[in-house]
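See structure below.
Chain naming follows the written order as A, B, C and D, and within any one chain the residues start at number 1.
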Amino acid sequence: MVPLSHYLILSATLFSIGVLGVLIRRNAIVVFMCVEIMLNAVNISLIAFDRHLNQHDGQIFSFMVMAVAAAEVSVGLAIIIALFRNRPTVNLDEFNLMKW
Amino acid sequence: MVNLAFLVPLFPLIGSIINGFFGLRIGKDWVGKIACGGPILSFLVVVLLTVSLFFHPEGTPYPELILFNWIPAGSLQIEFGFQIDPLSCVMMMVVTGVGSIIHIFSIGYMYEEYSYYRYFAYLNLFLFSMLLLVMGNNFLVMFIGWEGVGACSYFLIGYYFNKKSACDAATKAFVVNRIGDFGFLIGIFYVFQAFGTIDFSTVMAAAPTTLIYDSTTATLLTMFLFLGATGKSAQIPLYTWLPDAMEGPTPVSALIHAATMVTAGVYMIVRCNALFNLAPLTMTIIALIGGGTALMAATIGCTQWDIKRVLAYSTVSQIGYMFLACGVGAYTAAIFHLVTHAFFKACLFLGSGSVIHGMHHEQDIRKMGGLKDHMPITYLTFLISTIAIAGIFPFSGFFSKDEILYHALMDGNVIYWGMGISGALITAFYMFRLVFLTFHGESRVDPHVHPHESPAVMTMPLIILAGLALGGGLLGIPIIHGWHVLGNWLEPVVAFDWTTALHHSETVLASHGHHESFAELLHSKQVHEHSWWDISWELLLMAFSVCVAGVGIFMAYLFYIKFPDMPGKLTKGQWGFDMVQNKYYVDEIYDETIVKPTVDASYRLWKDADQKGVDGAVNGVAKIIGFMSKIAQNFQSGFVRNYAMFMVIGFVILLIVI
Amino acid sequence: MEPITAPIIDFTSLAPVLVLSVFAMMVLLVDLFIGRNKSVLVFISLVGLLCAAVSAFAKGTEIPVSSFNGAYIVDRLSIFFTMIFCMSSALAILLAVEYNKREGIRVGEYYSLILFCTVGMIVLASATDLIMIFLGIEIVSICLYVLAGIRRTDPKSNEAALKYFLLGAFATGFLLYGMTLLYGTTGSVKLATIAQLLNSGEVLAQPLMLLGVVLLVIGFGFKVAAVPFHMWAPDVYQGAPTPVTAFMAVGPKAAAFAAFYRLFAEGIPELAPTWQMTLSIVAVFSMFFGNLGAIMQTNIKRLLAFSSVSHVGYILIAVIAKDTLGSASLMFYMLSYAFMIFGIFGIIIILGRKGHENLELEHYSGLGFKHPLLALCMTMFMLSLGGMPPLAGFVAKFYIFQAALNEGFLWLVIIAVLNSAISFYYYLKVIVFMYMKEPIGEFKISLTPITLFVVAVGIIGTLELGIFPGPIIFLAQY
Amino acid sequence: MELLIFYPLAAFTVLLALGVVFNNSPIGSAVSLIAMMLGLSGIFIVLHAHFLAVLQIIIYAGAIMVLFMFVIMLLNLKGDDKAWKIRERNLYLSIMTGVMVLLALYKMIDKVLDTTFGEGADVPDTFGTTVAVGTSLFTEYVLPFEIASILLLAAMVGAVVLAKTKVD
């Protein structure tokens, strides 16, 4: 049996990779994908804890996370599309109208 | 009778609302009548309240009028109520009485001004706030008034909004005041933490058995309150706003910067005397700051050419005296001086207003001179008030100032007294300098300006105030026992139970393992009470201070009447041969050793310390904050990545912290 | 296979949520059948909010009621906040009526999204279960992403939506991770159970749980815009349509604070030393950087955004104070803040015209002489935000500070008072512009009755809560 | 035995996650992400969470990622995103980013290792099956389930509002 800490470390690693992606990528869609990596990383923890505790709460939680992710994706991509109509780019560094 | 107390602030509030909302429609005459009606009616009610207090049975708590339960928060119930006791009655008398007179004066002075109604709306609102400050039965109601007068003074100082200097002065006054308010608010919270309530009567009654003499809590608490007082009352280091605040209309200066708002700090300290008594360190600091301010502002007053600025520094200096009195525990003396100062300083400010009015808005005393023939009433009243402030027998200032000096020596030490008496010397000097330059000597008036006496609506207030400045001393004649009317009147408010307080402190300290004996201190306090008026000392000091004032006046006479070009040469440092030949040899030594250094020093004080140092510090803080704000702004780069980056940095920092 | 026993559903507790959902869908449906005039939608939405408020209030006699196996609670906190939400959503809708007409935002979904968002907020304030809190936050966030970008043709609005969305999703990741760790280390998603477990001392020493707490602070810190997770706020406030900005500054923030309070003070009070310290740091930074940021701003919306960051700092003190007084002061603060903010944004909308929003401070020059009453209201709001007695802002701050003092956080109170002194500097700037500068151009304002009504509500609320706060404080402590 | 499956799967997902971050073309990133999701579903199976493993494939890999692909195609995005490459100008920022993320990761793992977990419970055969999760979902967690429907509805409305072509 795999110890719980292995799953947690995997989860933390994936989470950090997601964070890294958000910090360094400029393509809005890719940044968004990196956020999805973060959410997935959390799912691992949730289910690993569930397995460890012999409960189902974490799986329900991660079920909800999927629902939320789906909702976020639909809205997020809609925002990107609306944006793209005004200015044909998804490079985040060009969205800098408001600052200081 | 107490139930009528709510009328006192109500009248000005109604006046303010009517003028503020309908002022344009009802016409100037009605605006003036309504604006003056409020304070006058309030004054009548205050008289009634005061009379009713004469019949108050001794030994029972003073009446409070609770209007409603304001903030019922948990264990703390803060009521919106008014406290009617001797102290607040004295203050209410001053505020409504002098306030009414100034309102009447304003009718004449402001008649030509743009948006006349706005002025009176602010003025009435100011009076309303001031009355809340004075009458509040707990710290928080006082704080409403405290902030309210700050806001109203902001609008009044910035009344001439198209003058940039006026706007800057208004903003400065407000911001500097906020620093003081910060201290006051913290003080309030501290009081709440120490006492569990912020009701004046409860806190003051509980103070002797709650606070420990000379403990950290007592010191910190009073220091925060005192910080609040320095802001509002323009003491070192927060005094810089007051001279600048002279940008406002002159009656405003009379009301705010002489009679009411700036004395709020003194009032607050006297109101909380039970707390301050228990904090000897704070008392020392108060006395030093008060004395220091009195001396410093007086020297600066010698170098100013703007008639109102001289008076402004003089105000700062006189309030310094009041703080000095508070610092040595002579609360009655502080209030006494507050009252007489309200009379003569209001008269001086209004007099200067009359001069400015007569001179068509000329404020530079170098362009005046010889005005006494053109405006005799103004001159006479101005002179009376000047004599009063200089401290010549039997004018009001003499009595109040001498009481302070007496206590400074008796309850304090020679240093306090030395500060006070040298301040008195300089005060006499610069005030008469002002009178001589303005009203005496040859006319230096611009030939296009034709000075004229002001109308009766302006001179009548001057005459009343001059009368008060002349006779105000009757409130506190110290020589004859039992004749110190104000002293007897305020006795119940300033009485402090030293025995209980010190015994309690001893017990508590002993229970913590510190065996400290306050027996000696207690003895000195008790002995002190019995020898309250040491007549021989008192007479000696009086004589001395009159002499000192005389010397000051004489020097002013020499400088500005007899040898009008001397000061110029002195300050320029041209030590001419003809001066050596001068007959007044003694005076030259005097000049060389005292006057010249003083004038030089005070000029430098003003230029360096005041304009660069203290002012600079205040502006510097603003600059630093502005600079930091710029840096903070740079973080806001507009890039999503950077924002996310800061979130991660925050995450890492928090992770490291826990 | 055994059949599933049907769960017991407590409809009365859920009533506000159900009512609002129904009305939101009704708005969607009706929108299909009407033309460009959306007033009927406004009417339906307002009725829905009213019904929701009434149904929540009606439950007030029998609280607290916990239902759905401890996932949902109706108590003092949730009812009071539901009232705030309904009021702020109604005001946001009223602000939008004339604004949308003027700026050509003819989107009927606007109203249904605000209603959905309100549903999310109510869920958030009533949730006592990590999953429910998460869902509530997501409903609110998703509606806000869309609302921020609802001016589809305006690049600023787009940009605001994108920034808010990406950073929001990023913060969701942290929040979720925090919840996961909390679940994993305690073994329950129910706040009550977590509190119980912690109380018995079984899991206290788990370092992983502290990590979870920090992650939760980040997630909530983002939602309420606390430093250093606040950086979206100025940009999004500026870019979003003004009524949405007003809404965002009040309702969702209040909801996040409600959940924040519930999670920390009711779920993990045993860990208080850790999170109180963490939150103190965040609070101090928020006050300080919020004020610093605001000083240099020339755009009123950005200025208000930074000022709201500093207000978050004050409000966090209420969370830190964690006892009954803390929650009551939190509610009171949010209510008074709602009045002030809607009043201010009402004035901002009035001062704009089609195509010219007039958001720079210099556009306010001389307002005091041209429109004295509006300027007076603005002055009151500014002074109230700065904490001038006897206005609502002062009482609210005082109340929070008192709660903090009860818990022994004198140093935090001192910092907060100092900061509110600094904050006057920029609130005063607005007043200086209005009263002490010459107007730069002619005022062409859109003085419309409904927006004016919102301003009036704001000013009445600000005065009422300042002068007679007693009844509301009583309700908050009830 | 489980370890033998776990390690390759874990390595696989981590690599693919890195692939998402460091891939030049958005399409490449998306494909990596899909593959990563599949890997994750394998890990879920190792964890005995069968229902979730299936959902992971259906919802994430099936629905969400298809939407991503669809939008990338729709917007016709080219692989021109060189953003992650270290540039001279942003050198310090890049270094800081790296350090911060590594620090965060280190701290997180540190906390994991500091924590002592008891022995894992023995799970029954029904653990993670559709029946078990479904029962829980429709009894204990019926409220979140319903609330999630409101969430999805709101998201749908929002997506329609933003993405519809007719400009009013």
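Following the convention adopted for this analysis, contacts are C-beta pairs under 8 Å (C-beta built on N, C-alpha and C of every residue); 3 or more make two chains touch, one makes a residue touch a chain.
Small disclaimer: the values here were computed from a predicted structure and weren't measured.
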Pair sharing more residue contacts (C-beta pairs) when A-C is set against B-D: A-C
Chain ID, smallest distance between chain and overall C-alpha centroids: C
Length of the line joining the C-alpha centres of chain A and chain C, rounded to whole Å: 25
Distance between the centres, which are taken as Cα means, of chain D and chain B, whole angstrom: 68
Centroid spacing, where centroids are CA-atom means, of chain C and chain D in whole angstrom: 30
Averaged-CA centre spacing for the pair chain C and chain B, given as whole angstrom: 43
Multi-partner residues of chain B (at least 2 other chains): 633, 636, 638, 640, 644-645, 648-649, 651, 655
Residue list for chain A, restricted to those that touch at least two other chains: 8, 15, 18-19, 22-24, 26, 31-32, 48, 52-53, 57, 60, 64, 68, 71-72, 75, 78-80, 82, 92-93, 95, 97-100
Multi-chain contact sites of chain C, meaning residues that touch two or more partners: 131, 135, 138, 142, 145-146, 149, 152-153, 161-163, 166, 170, 208, 210-211, 234-235, 296
Chain-level touch network, classified as line, ring, star, complete or other: complete
For the chain C and chain A complex, residues of the former touching the latter: 130-131, 134-135, 138, 142, 145-146, 149, 152-153, 155-156, 158-163, 165-166, 169-170, 172-173, 176-177, 179-181, 183-184, 187-189, 208, 234-235, 238-239, 296
Contacting residues of chain C [partner chain D, same complex]: 1, 4-5, 7, 9, 14, 17, 21, 25, 28, 68-69, 71-72, 104-107, 109, 112-113, 116-117, 119-120, 123, 129, 131-132, 135-136, 138-139, 142-143, 145-146, 149-150, 152-153, 161, 185, 206-208, 210-211
Complex interface listing, chain D residues touching chain A: 2-3, 6, 10, 13-14, 17-18, 20-21, 23, 26, 29-30, 33, 36-37, 40, 43-44, 46-49, 51-52, 55-56, 59-60, 63-64, 67-68, 71-72, 74-75, 77, 81, 83-84, 94, 97-98, 100-102, 104-105, 108-109, 112-113, 115, 117, 120-124, 127-128, 132-133, 136-137, 141, 144, 148, 151-152, 154-156, 158-163
Residues of chain A touching chain B in the complex: 19, 22-24, 26, 31, 92-93, 95-100
Contact set on chain B toward chain A in their complex: 633-634, 636-641, 644-645, 648
